[in-house]
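These notes are about the structure you will find just below.
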Amino acid sequence: MAYRVAVLGASGYTGGELLRILALHPEAEVVVATSREYAGKPIHFVHFNLRGWYRGLRFSPFSVDAILKKEVDVVFSALPHGVGLEYTKTFYESGLTVVDLSADYRLKDPEAYKRWYGFEHPYPDLLEKAVYGLPELHRDELKGAKLIASPGCNATAAILALAPLVKEGLIDTNRVLVDVKVGSSEGGSKPTRGSHHPERENAIRPYEPRGHRHAAEAEQELSRLAGAPVRVSLVPHAVSAIRGALASGHAWLTREADEKMLLRVYASFYRESPFVRIVYGTPPGYPDPKYVAGSNYADVGFAVEERLGRVTGFAAIDNLVKGAAGQAVQAWNLAAGLPEDTGLRILPLKPA
Amino acid sequence: MAYRVAVLGASGYTGGELLRILALHPEAEVVVATSREYAGKPIHFVHFNLRGWYRGLRFSPFSVDAILKKEVDVVFSALPHGVGLEYTKTFYESGLTVVDLSADYRLKDPEAYKRWYGFEHPYPDLLEKAVYGLPELHRDELKGAKLIASPGCNATAAILALAPLVKEGLIDTNRVLVDVKVGSSEGGSKPTRGSHHPERENAIRPYEPRGHRHAAEAEQELSRLAGAPVRVSLVPHAVSAIRGALASGHAWLTREADEKMLLRVYASFYRESPFVRIVYGTPPGYPDPKYVAGSNYADVGFAVEERLGRVTGFAAIDNLVKGAAGQAVQAWNLAAGLPEDTGLRILPLKPA
Amino acid sequence: MAYRVAVLGASGYTGGELLRILALHPEAEVVVATSREYAGKPIHFVHFNLRGWYRGLRFSPFSVDAILKKEVDVVFSALPHGVGLEYTKTFYESGLTVVDLSADYRLKDPEAYKRWYGFEHPYPDLLEKAVYGLPELHRDELKGAKLIASPGCNATAAILALAPLVKEGLIDTNRVLVDVKVGSSEGGSKPTRGSHHPERENAIRPYEPRGHRHAAEAEQELSRLAGAPVRVSLVPHAVSAIRGALASGHAWLTREADEKMLLRVYASFYRESPFVRIVYGTPPGYPDPKYVAGSNYADVGFAVEERLGRVTGFAAIDNLVKGAAGQAVQAWNLAAGLPEDTGLRILPLKPA
Amino acid sequence: MAYRVAVLGASGYTGGELLRILALHPEAEVVVATSREYAGKPIHFVHFNLRGWYRGLRFSPFSVDAILKKEVDVVFSALPHGVGLEYTKTFYESGLTVVDLSADYRLKDPEAYKRWYGFEHPYPDLLEKAVYGLPELHRDELKGAKLIASPGCNATAAILALAPLVKEGLIDTNRVLVDVKVGSSEGGSKPTRGSHHPERENAIRPYEPRGHRHAAEAEQELSRLAGAPVRVSLVPHAVSAIRGALASGHAWLTREADEKMLLRVYASFYRESPFVRIVYGTPPGYPDPKYVAGSNYADVGFAVEERLGRVTGFAAIDNLVKGAAGQAVQAWNLAAGLPEDTGLRILPLKPA
């Protein structure tokens, strides 16, 4: 009695990760996988890792009618920002559960779409209905949710790194600098000059250092936690890895706090969260996305420079899993009333 | 009613992979994990990926008595060649199932141990009893086996690349050159000058090019298949990856054969083998260990240069999984009468 | 009184390397650098490494007249195979020295162009006049040469690895298998699906394993040395590095030979060659392109498996330098009567 | 009439880079290269890249007398912090020019050695005499200097990224966070668990996030520029590259400033500095150490997030060259009255 699932934009990296995870999800059956470019091809034509799986399925062109006719229960949309807006609305209004991995429903403030994404959001009412799909902050709201806005990868890492500090009012919320380091898969599956291997490998390169738009999500969620405006400057850097994002959330303490106290704060904040692991005091000492790759874990830690009253919260995730497909499944599990880790008991590799 | 399992040498890479796989194996419970260096430490002290798992277990010093007292059913030994020989004998004779991941029981000919490993094998009778744990060649013998010699990683790749060609008598068995490319994890978890990151990264470096001892296994197994001596020259090269081994088995055809015919030969040879996937005719065209990493798959393919009558069989594996821990579990599954893929339904990542 | 130089196809990787080397060449002044795509842009717009250099020069569209009008003495052509054929002919016939880095003049046999490159060569007479620009084999012919066919990178490595063995008649020339491992820059500067960083990094992937066309050059040159036909099967593999090619030339000995004897054979063969360094008996034991990157060196070595009479010759080069731009400058130096290493005293880095 | 040079600690990475650069320095002749571990071995035994160079030289054990007897003019010391202190003092007092690449003479305040390095500095008078060897800030003082304290790599990057902003009083000097990303060579040539390739590759890992001691140098130099105390929090992260350090110096503006204005500020500050290249407005947009690797360049840039008044100064260097050996030679050139770029006209590679 599995849920019937459609994956939109199934040939990209996020789509591929959804297919990888759902292939072994005991309550899901993928019945539609759309791709404009690869319509008609078998899944493994693109996702070489899935050779031998999804034997009965091929990529299909996108069609609302076809999906509705397939009696789909859940739609995971990995379509680009703006592209799927109409369709996700239709599916939602037709009673399907929609998990949208684009930014289309993440921000509550319609104005923010103009500022950060350059378009006027056509359905402000849906923004109110959508639940921001970060289970660590919205576990209760997600239960029974029908429209889930799955968070951005940098936003996920930034929020998880800083949430406990903000919640406890420990930091100056006017001076928060999240320096993020990300692997190349964050740029998606489309080749560009900058993603060409000889140019991308060994890179240590700022991108969008004038402020990345995932800051909008981080500000929204952290402000909610603080009960007051939090200003977040988010500066990503492309580094040499395929998967992985590490957020180093730098801030200044507003009152004295040592690491022992922070350990209690972090541990307490994430007590109910099965996918957050606190890294403190044992090797490797601090979170490193290398050791969560392929899994839905977020490894979280912190450090204090007492001399200057500076604190840094760290969060390490796999940008395609906890930063995208895994988190989407995690949120949907909650929405569907399934155990939060259904289909997500996937262990990271070491070494990897 | 799970089997009680001991992992010997559990803090190395192969040991870590055994722990990763067995953590989710529904019929196994790891009750002992030995490590001289890390005795007393929690598992995640070494295997950062397993943080949150094995909460009740710590590394323990090796002790035959302690293991016997724990009522262990199966011993997976990842101790170095020669080191565990006595103990595995004891466990075997005490009625436990032994899966030895070292070379100690791989070769049938006691003389070969002198030639390739530099020691006189003390238990030639056990060599006869041991089953070479390559399920693709010994599936029937493995059923009920109590002493399993788990193959070397380069040997696994070399054999899987060439077995169908040898079986069909298609190649000149006096001129077989297996050029293997391997990632850095093949060298184990101990830092050396050559494994120091600045020296190892970007390397393309022959090692043991005068002939690697995994050739002994390949010759043994391929000769058995051919019913006549096969000579294998095996030349590994260290390349820049962490996991992965690609064997390019170069040989010359003894009669005309095109790729279409070879496709039938390979497909037929591996028909019963759930972990071998034939890569032919769709992207990426040929096997690449990148797309099996973390899984127990062996991707196998081939190419013919008709002009010269040269054929190359390819096999891509994760050296730590199909080349070590995964294959050991696969073989043990068969020995224990479990479905061959129990605990091994782990999908590789892409990209990764 | 420097030579006036034009670089055709100057925005690609080979073109960039020519510019890097010629920037410090005391006898060369680059006065033209053509690029269709980047015409009008400064050099550092593409070659970020050259920021601060070539301040007076910009990329220009290709034009025969413009080049002739600039009173150019030497043309280095990094245009793709076939594209520059007419122009290089014109320049040659106008009295300029032409160093062509494409395959257009490498093969002596016009038929071979049909077989390997799929076109009928329009100027078979020029094929005779062209000198194959491998100084280690054609040092004397290069003196005063006006039309130089600069060798392919895989061919360079394959030939340097095997030439001494072939010259001495030590190997069975019917069974020669050159397994080459190459970095991603060999594919050029144009992004493709296969060169996309998440797909290319960590790859260990055969390409053109049915026989790579650089085999044609290797057969031509080695046959010349042997005084009899040599058959070369050349199988490249993409591995995870940006620069570097290692050729492992596997063959079987026709008479007994140990490594001591081979050391003499190799040392003697390359006695006059300042850019060939024999690697034997000291760390790292065998050639590794990692330690020649950025330089014009070819590190050459060998290993014998006495048990089987198998020998492997190794050659490690930087595919963009000794495999392309550096070798072109080296050959031109000889043609111009300059010291062979003029402008090429560039040391490789370690670590790198 | 070259200067006679001794390199102390010549078998490490910094020592190797000194040898690489000095091999082609027209005014230097290396007559001593000390190494405890490799005494008696040829240079290329360790520095494989230098095979064929330094034919007359071997590593020698360290000996003050031997060095003085060799009539050495200049000593470059790459010995570890504290180890060489006595010797460099002796050489200095014997009239030799000393360029010390350790931290032994970098800090002016003797107290700082207790705080940051854990030892009492025995020669506070020498701290006053030593010149901090950052030519971009101390060009005039370096002329004729006899005791040069060559800066730390992270300090170099941090200072170069922020100096113009601090000099102009543009930022809040109480809230400066320098997030540095560094390659694996920064850890030196000695293998450790953390530098083992399978553990280090793909890492994105904070180290010493409680405040790295290079902050002491950055605070000293930036405070001098500001004419008031500047507080610098320096947080390095190990990322996956061999060479390279990128400092992202995050700060908040004290008055309005746009990027156009900053371009003038940076360009003006570095007008006389041949090794600083401003990256702004052309690809790749911002500094990336990838494009300076192997060279003495520092690529410098900046970005403003106007919304929040946040500014980031970037500096990209090769940690072993501009961050160590290259800068040491640059400073010595000035001290010796040679053109600043003597021996340093080495171009970075692209791709690399």
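As written, the chain order gives the labels A, B, C and D, with residue 1 at the start of each chain.
Convention: a residue touches a chain if its C-beta (ideal position, glycine included) is under 8 Å from a C-beta of that chain, and two chains touch if they have at least 3 such contacts.
From a predicted model like this one, the values you see are computed outputs, not experimental measurements.
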## Note on the structure
Common contacts of chain A and chain B, by label, are C, D
### C-D against A-D, pair bridged by the larger set of C-beta contacts
A-D
### Task
Give the label of the chain whose average Cα location is farthest from that of chain C.
A
### Task
Would you indicate which option in C-D, B-D or B-C repeats the interface seen between A-B, with over half of the contact pairs matching by residue number?
C-D
### Task
Report, in whole Å, the distance between the mean C-alpha point of chain A and the mean C-alpha point of chain D.
39
#### Entry: chain A-chain C separation of Cα centroids, rounded to whole Å
46
### Task
Round to the nearest whole Å and give the separation of the Cα centres of chain C and chain D.
36
### Task
For chain A, write out the residues touching at least two other chains, lowest number first.
13, 183, 185, 198, 202, 242, 284, 288, 293, 351-352
### chain B residues within the chain C interface of the complex
175, 177, 179, 181, 183, 194, 198-199, 202-207, 209-211, 231, 233, 235, 237, 239-242, 244-246, 248, 250, 252, 284-290, 293, 303-308, 310, 312, 314, 316, 351-352
### Task
State the interface residues of chain C toward chain A in the complex, per the touch definition above.
13, 183-185, 189-193, 195-198, 200-202, 242
### Query
Touching chain D in the complex: which residues of chain C?
13, 16, 20, 23-24, 42, 44-53, 184-185, 242-243, 277, 279, 282-284, 288, 291-295, 297, 299, 345-352
